[in-house]
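Below are two complexes that have chain A in common, paired first with chain B and then with chain C.
The block that comes next holds the complex of A and B.
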């Protein structure tokens, strides 16, 4: 079994009285495609925001390799080797595709401000290297033909791909994808699954949140399930799919609830009292 | 016609000064949606630094401008550090707190100068002999050429910086989505500090130019200039760099044309009449993007 790259231990986050993430422990192993699923509002994106330092946990530890991520500010993460995409696309809409990707490479630049202002040779060399890498990232995602266009002029599916290109150019060890398939059509989803496998094959560990079960079950090595901030299952896709708790979280306890709600209506007359059923006290 | 051309020249010179200060307002607003009302006072400190360098060290024109820009850069960084950054960090401080802090910084700086120098107006020593050139019926003075030339140079430099350097690119990214930019590795605090530094350097240069042009430097000169530059930034579309330049030039022209139309008693009112009009008719300004609130 390969080593753990990301490790969450007993992580809890409260917003006032609401417990958004409740004692979650999970790990991501080097080289795998790891998925986190769960109903809306289960706390999945919050987990990403905790890992990337947007929120700080009230309790628990998050480790990346040997390093604790507690208290590391967001702008240091890219340098450590963590990159992410967003659930609601957050491109720099008035910048070109090329510029968007170059911002993704920002943490990799070494030259300071003086080098940039006076265009010293080391700066020029570095800019050329970064431009080359930006081209490669765009080409990897099939967007190199449109490098000069503004991000806002791209169709939706390509904006999602551009977000991935922007994350890849920082050459991360761990890539966090927040609902990468959202809003894609079936063809785009198939292409995306292929792309995620190709990213994994380059040696980057992938940790994704996704709603689309076909995508999750098709590519993930292991799947964790979150419901109301708690982890309710974790394992191979096939195991998770069969888990009774997961099925209940997704389909709800609808059957039982339905009955509870309808019974009193039906049983309102005295019959209910006479029947002496468990719900009579209602 | 010659008269009109003449007023155009005068308006461009005055407008260049407003434009330089307006650039600071617009850049800071573009990045953190805050109005740094202290830019007017930073401009005043620039004028005094230039004056000081010329009087005590017999500095020439270029040294005076560079020295003033260097000093106001530091001053801008200090203001950002002391008056704004702690509020940005605090969860309890809203946008209004930052605005009030900005006004406080502005009052503090002008009062400080009264303490250091006294409230009197000081003339600027002659650095070079002014001359007039006649161009198509209008005369343009060497001072005006200096102001328009230095301003144009700084604006072109700023444009190149923002467009073609890594830092400029990071600043543009930050102005569109600060959180996403931070996650790409952009150090937002550093970028905000650089923005304040650049705006302050431009205001410092404007201060020296204005001191030479009007031959008058006094501790409250920043108030009116700062407010007019703010009006210019709003007219051009706050957040837009070309907008600040266009707005500054238009405010300068409007003021000079008003004076030419024998309304000099109303000289200071034109900028604010325009400000009110813009806010009523087109709040996004001439070149600004309309702000759509994301839900």
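The block that comes next holds the complex of A and C.
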């Protein structure tokens, strides 16, 4: 087994009386595609926010490689090698695609105020390198032809791709994708799955949250399931799919159905049980 | 959907061809010399202009130049970094008093006094930046407003500023060529700053702080930097102002002054350097041009502002890519934002 790149040990986060994340332990291994699934409100995005330093855990430790992430300010993480996308797309919408990606490369640059105002040779060299890297990232996501357009003018699917390009340009070791397939049509989804595999093949470890079971079961090496802030299952996609606790979390049990009806999980179980089988074979 | 597939290769097919420039033009010393030559040209032109135009018009031009330097600073804070400031005149006041005290009491050379005025203002920009970092939007605006009032009251009561009587005895050291050169240098410095790693970081703070942080931008640092640089410009402008009027008093830098400066930036188009310059020219010249209306002057001035904001809510040059517009106007090659609707991708 390859080494662990991200390690959560007994992580707990409380908001007042609400326990959003409850003693979760999980790991992400170098070079894999790791998925985190669960019903709405299970605490998936909160886990991402804990890893990226938006929240600090009340309990437990988060390690990235050898380094503890407790107390590391959020803006340092890009430099350490963690990049992320957001569930509700967060682009710099009135800037061009190129500028969006250049800002993503911020942590790769060093130049400061003096370099900017006096345009000294080291500054120019760096700008040249950064814009080349930005072009590569845009080309990797198939957006290089639109580099000069404003981010807000892109169709939805391309905005999602731009967010990934912005994350990739920082040359992360670990890429966190928060529901990358949300709102995509089937073709876009399969293109996305292909893209995620390509990203993994460049040596970047991918950790994703996803609702779409076809996507999750199709590309993930290992899947963890979260419900009410607790981890209820963890393992290979095929194992997780068969897990009684997971099925209950998504479907509810016969007798308790009345109570669980309000849970806003739709369309997942069918895909999980039927559609997923076709993809498990690869 | 002609996407995704064509970009698998690691090559960069879409990368722009490097601009065709002779190699010697790219050398740093050559470009520095060219810039100096530009400044000399500006000096020569304005020197000649100074001889031709009447003193009154010259004075308006001079104040326009000073205001451009100041509003460029405000544009960096509010337009580029998105931090609404209603107290920019306070930085101008600090620069004006500091520079005046430097030349009058300390007998320092004028150039050094200008620089010190700017630096002292920048220091106060940092001082204001720290406590107000947690604030945003309306709350920040109120805090900057409070700061400006504090500065005004302190200037009214300090001995060193000669209190409410005002600080007089400043030598007139400013002429049109000097202001023109500094204004051109300020525009250039701002353009360079905005088009750099620092400038992009500042714009990312305006656009989305959470995404900026995730991209590795230390939003706190760049907010303070924007305040410091913006205050520096205001401070230098204040120093120039003091050495133009030869007399300054705390009420010169009140709330109305801050609002006037903000109006210039907003009218021109927030975040646009060309817009800020245009807005400043219009709003500095307009009250003078409307002088023939005597009593109705400020009424027309206000009405003009309202009409302009109704028809151009983003400002005169808001959302206009100048380079692109010029290229399109001259029909030079293809514009940057050409809409290539390949394969019905356009929503």
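In this text, the second predicted complex is superposed on the first by the 253 of 282 C-alpha atoms of A that agree within 3 Å, B and C clash if a C-alpha of one lies under 4 Å from a C-alpha of the other, contacts with A are read in each partner's own complex, and residues count from 1 in each chain.
The definition used in the following text is that a residue touches a chain if its C-beta (ideal position, glycine included) is under 8 Å from a C-beta of that chain, and two chains touch if they have at least 3 such contacts.
Just so it is clear, the model here is predicted, and its values are computed rather than measured.
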| item | value |
| --- | --- |
| Clash-or-fit label for the pair chain B, chain C on chain A | clash |
| First (chain B), second (chain C), both or neither touched by A:146 | second |
| First, second, both or neither for A:107, with chain B first and chain C second | both |
| Touching partner for A:78 - first (chain B), second (chain C), both, neither | both |
| Contacts of A:136 with chain B and chain C, given as first, second, both or neither | second |
| Touched partner set for A:187, first chain B, second chain C, both or neither | second |
| Which superposed partner A:232 touches (first chain B, second chain C, both, neither) | neither |
| Of chain B and chain C, the chain that contacts the larger number of chain A residues | C |
| Chain A residues contacted in one complex by chain B, in the other by chain C | 52, 54, 73-79, 83-84, 86, 90-95, 99, 102-104, 106-107, 109, 111, 113, 116-117, 127, 166, 170 |
| In the complex, chain B residues that touch chain A | 161, 165-167, 169-170, 172-173, 176-177, 179-188, 194 |
| Chain A residues touching chain B - in the complex, by the definition given at the top | 52, 54, 73-79, 83-84, 86, 90-95, 99-100, 102-104, 106-109, 111, 113, 116-117, 127, 166, 170 |
| Chain C residues within the chain A interface of the complex | 1, 3-8, 10-15, 28, 31, 189, 192-193, 196-201, 203-204, 207-208, 210-219, 225, 229, 319, 336-340, 342, 345-347 |
| Partner chain C, residues of chain A touching it in the complex | 52, 54, 73-79, 83-84, 86, 90-96, 99, 102-104, 106-107, 109, 111-113, 115-117, 119-121, 123-124, 126-127, 130, 132, 135-136, 138-142, 144-150, 155, 158, 166, 170, 187, 191, 194-195, 198 |
